[in-house]
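Chains: A, B, C and D, in written order; residue numbering restarts at 1 for each.
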Amino acid sequence: MNGYIGIDIGSQNSKGVVIADHSIIAHYTCASGVNHRQTAEKIRAKLLDKTPHIRHIRTAATGCGAKRVAWADDQCSDIQSLARGICFFDNTIRTVVEVGDRFSRVVRLGQGGMVIDFSMNHRCATGAGVFLQVIAKILQLDIGDIGPLSLKSTAAVRFDTGCAVFGETEVITRICEGHRIEDILAGAHHSLAEKIAAMAKGIGLEKKCALAGGGGLNTGLAAAIRKALGIELVIPPRPDIIGALGAAVIAGQKSGHQAKR
Amino acid sequence: MPTDTIKIKRLKAMYRLRAKVDDMYTSGLEAMKDGRPVAWSMVTWWHADPVFKAMDLEVVYPENYAAMVAASGKASRYLDLCDADGFPTHLCGYSRINLGYVSRMVNGCAGGIPPEAPMGGLPKPVMMLSHSMLCDARVKWFQSLGRYMDTPVWMMETALPGVEEWNDPDVRKWSLKLVMDEIEQFIAYLERMLGRKLNRDRYDEMLSDMITLSRLAYKTFELRKATPCPMHSRDFWSVMPPYLYMSGDLKDSIDCYQALYDEVEQRVASRIGAVEPEKYRLLFAELPPWHSLEFFDRLAERGWNFVKESWAYNPPRPLEGLEDISDPVERHARFHLHVATGYHADALADDEYMGYLGYPYVKFAKDYACDGAFFHGLMTCRSASTHHPYTRELLMRKLKIPSFQVEGDLVDLRLFNAEEALRRAEVFEESMDYYRELRQQEHFPADNMQPA
Amino acid sequence: MLDTLHGMSRVSQVLADRSARIRELKAQGKKAVGYFCSYVPVEILTAMDLVPVRILGDMDEPVTEMDTVLPTSFCPFLRNCINTVFRGRYDFLDGVVGAHSCDAQEKSIHVWKSKIKYEFYHYLDMPATLHPWGADMYRSSLEKFKSSCEAWTGKPLSGEALEASILAHNRHRSLVRELYELKRFDPPLVSGSDTLRILTAISGLPVDEGSALLEAVIQEARAGKIQADTQDKKRILVVGACLDALPLIRLIEDFDADVVMDDNCMGARTYFRDVSITKDPMQGLASRYLDLTCARTFRETVAGEFRKDHAADLETRFAHLGNYIEKWRVEGVVIQLVRFCDPFGYEVPELKDYLNSINIPNLYLETEYTTGSLAPLKTRLQTFLETLL
Amino acid sequence: MYFAGMDIGSSMTKVVIINDAHEILIRKATPTGARHSLLARKVFDDALSIINLSPDSISYVLATGYGRVNVPFAHRHMSEITCQAAGVHALFPKAKTIIDIGGQDAKGVKLGDGRVIDFIMNDKCAAGTGRFLEVLSDSLDIPLADFGHLSLQAKTAVEINNFCTVFARDELTACISRGRHIHDIIAGVHDAITMRVVNMVNRLKIEPEVVFTAGLATNTGMVRSIENHIGFPVSIPDHPFTTVALGAAILARKIWLKEKGKGNS
């Protein structure tokens, strides 16, 4: 059976996906580390041995490290792969919000995952997932726990820092002021969600709206973004691999086989 | 699939006009050497230029000079000096370069031109002309130089009536009166300073040359409505300074522009485009990244042709009946006042009130049949960036034309990330294609209107 | 009923909901006109029986509606004010008046007018200098403002009504000056934060109600009911554009200092200059409003003559600060600007030159007009105030 | 009599105790965890037990630093810039300019006989602070302590374009994967921090004698980079972490004497 590979080399985490016969056959994620060339090789090896029965026709790479994937047939932009990926998952979605480590993106899409409009944060990492990573680190908590913990808060604390890295100072000051950890986390999630909502309003929201990227795994952030946007959010089972999935779909399209779902 | 066949076809007549910008600086330095006075001036959109020329007073423009210092990557030394002297870092990038340059000139070189200054530098001025058009920086910048130099500053006012207000004859009357008073007072000031009277015939001649040159430039750029568009924005930015700054001999500039007009007309006749095949026709909002203009060649490889620029750098729309005004000062004043109010009537008819800067883009997008608009947001230039959110939404709401935003800055070259912008350009093509189909279905004026 | 309370308790009541009293007046058939800036001649609005309401921002509220209106690198105060308007906090306004005082305001007014419709929307063009021919233009611009108010209300504005309104506003301003006199005591009889709360309250009330409130508050202050407590507080003057940042004044008070005097639009810049009574009241208005101490006006001592006297220029532009510093025995000046403010931004080095020349320690602070952006100022303010020991 | 200065920094909590004759009895620095209001008391008590003094033998405790507001047992708190000035003046009487680069901010201070004449501070963007090195040390997993000697072996320092620390780190990761040497990368980060800090402190007109203190002063690479940039040598206190706490102790004594109305020291 013919299969297509999508590789997304992100700044923190990298993901690989194999699709065949309109469905996801295999996927693999690992830390991007320092050498992106090696990471791409590792993902490829893992995907190949997970799908021995597949004839891998074509590979497309995306993400900031895409150029390092020497053996990829195509390079595609992170925004196109996000749009194609979410459409593969559900083709009635018209807006997707992706919260990555370094960049948050909002894309409005039309039929077949075609990009209508998009925006993302530029020079500064404010509004991206790294903001929560820094805070989890200073509170000596695992990134996976801060979402659920933030949902236990009753009185979210005000968060104002512009710089993602200085979220840490703000956390320290809030701790000094004796606030509870859940309230501090809720404040951080709310502040991030607000920045993303402002960006989304900038290009207009069309229902149905989905949340993708690593941020989608964080239940607290998903709830905060729903509240800030004021509309329902669909979250795919593995929101972090949507970019890689989109790259695989593009590889399929480029090879003439329409990977329709 | 970039192919090297698609390159921007540069106009031959452009090169002579581009060279005229350098004359402005060489003539400024020569004047200094022979002891003739040199003035510094803000761009005044033709409010002061004929008077300067008629009084034979050499003029150089710190804004234009700062743009060249930034483009040649020599800005950081002057920016550091400006910061060290306590000026906030968010001020206009051009003014910070000039403030640093003067601080270096006065404190570092005892008033002489700093040796490292590009283009031979700017000589110490005998007077400086501020102007109230467009932004506060152009009012306060020369005043702040008082800390370093005892050079007198003259402030020239202009009226900036609102769209609805401009429709009122009283407002037109006193706005025109202010602009005329300012011209007369400026003439009186220069006469006192230079100790000689203005030669009114020479002033009238300069005025008519200025209007002829402006009309000829306007006619040339109207030809760019043709499909494919014969002249890329890169050529526009090269030929713009001679009429924006009225530099050098105006009659020579008129000849150069006539040659340019003929070449462009010839291209239109034989359907030659500046970019072939021309896949997308775009507007360019405000100031270009002077330091990385080859970025547009990379976009040309994708078939992007830039067909029209900001209202602020294009010649004003021709004003009927200008020639029949006998009083040169009134003719001059009406010509200048028309710059900022030229599109007010169109804006009012459309119930929009950002009559200059913003609204003209709606008219340009229609007349030049554009597929998209490129917005170059500048960190330290508010007057060139304030209207972007408004204009983007306006183009989408009125004409279903999408916009592409790239961040940059006047002076900090690192903020302009060409690679990242090129990666996103591919995605923006999908938006342009989508809305082009949408416009054709709903037969929006932008697409099916034949250029006037 | 709303006006049973008076003095400081009435101030707190007004501040709790600035629109409450305006809605009552509208119920009685009055109309409310919003404005941003001290350059809008409120005398003309009062004379037409319109209620002038100063539009203010909210430092605690995040700016969420501005993505298709104004960019982020823009005056954060104006962007915040327009954000509160777009969130419906000023839906009681019948009209708006904007002035070409600074470039940011001139542009935001045109964008605002394109997005929200009001019965009455006037844009007042202004010159940038004090040249006589500029003043002529300003005079015509004021006449146009008067005639468009008349057109909207359908009532002519008589000279007597305008003169009565000028007298009422002059009286109102003299009461504010009387309140400021109480701050010359040591300790001042009214704290900096209470002063700002009073000024914010009266900025949304009709002039005579504001004056009545001021009289009550002055009485309470004289009776020592509002007095700040301890003795050795350092006396600070805050210079800036429009400063309605109560949290900043409170931050200064946390470090045993008090804001005894200011030069900003909510305070002295607006209330320390009366309209001189002239045969033609419009001429009195024109000369007063053009000469306010805002940095937006290009002031040169020797306008027109062909020489430059920088020291004299500084005197012309900042002498009024020297007088305030002397009369209110100020020990330190805080120059507080919002980021992206050009008119005041270009003046910072020269203002510091002037203050240093009269040996007054000074500190320049830049905020983003959010409560969060004030937090990092704690260390700077405390250090500065400690240097005044 | 004894006087204590507590400096609650973002990464370290420091205590200095002096006697009436300005002799330093103890200088101690302990990493600040997330819950630092309880830590201050513990650091204070440990220090006392080391020099076996009882808490009530301390006549005056002055707290400073980010966490100064909630040190319940302090008599008073003052800003860390004022304390830094007093501490550096005690160690270097002729000092005129202080360059202080800590984990969370960078400061410049101009001194006039131990008093602060003028100061400037960056705590908005991490790129001009020690935080930048901590982020880099994390992703290269090289201890901060080695950064100094590693950077001194650099041939040509890397030029960093990105403003934001987060994006700069990605840029450096890309440099590594292109084979640039660790020495050049660390030297590049040192220069990036130095350029931003010196640009800022230039607003105060840097005058010798210049003292370079706080966290980064122990990094020999940073010292070299600063000296190259400002054009003259800098003096380094032997305990650069504790100069602020020392200043706090000195001011504690001064204020206590003033309040007691006793004769001068």
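Methods note: a residue touches a chain if its C-beta (ideal position, glycine included) is under 8 Å from a C-beta of that chain, and two chains touch if they have at least 3 such contacts.
Worth saying up front: this structure is predicted, and the values here are computed from it rather than measured.
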Checklist entry - B-C or A-D: which has the larger count of contacting C-beta pairs? => result B-C
Checklist entry - Once you find the CA centre of subunit B and the CA centre of subunit C, what distance in Å lies between them? => result 35
Checklist entry - Cα centroid separation between subunit A and subunit B, in whole Å? => result 42
Next on the checklist: Centroid of subunit A to centroid of subunit C, CA atoms only: how many Å?
Outcome noted: 47
Checklist entry - What residues in subunit D touch two or more of the other chains? => result 123-124, 162-163
Checklist entry - So which stretches of subunit C touch two or more other chains? => result 67-68
Checklist outcome for this item: Check: subunit A positions touching at least 2 other chains come out as 123, 162, 173, 202
Next on the checklist: Once you draw an edge for every pair of touching chains, what topology comes out, line, ring, star, complete or other?
Outcome noted: complete
Checklist entry - What residues of subunit D sit close enough to touch subunit A in their complex? => result 10, 32-37, 66-67, 69-70, 104, 123-126, 131, 135, 139-140, 162-167, 170, 173, 176-177
Checklist entry - What residues of subunit D sit close enough to touch subunit B in their complex? => result 161-163, 199-200, 202-203, 205
Item to check | Of all residues in subunit C, those that touch subunit B in their complex | outcome: 66-71, 73-74, 100, 102-104, 106-111, 113-114, 121, 123, 125, 127-129, 131, 133-134, 136-137, 140-141, 143-144, 295-296, 298, 300, 302-308, 310, 313, 337, 339-340, 342-343, 345-350, 352-353, 364, 366
Item to check | subunit A contact footprint on subunit C (complex, rising order) | outcome: 60, 62-65, 67-68, 368, 370-373, 375
Checklist entry - Inside the complex, what are the residues of subunit D that reach subunit C? => result 78-82, 115-117, 119, 121, 123-124
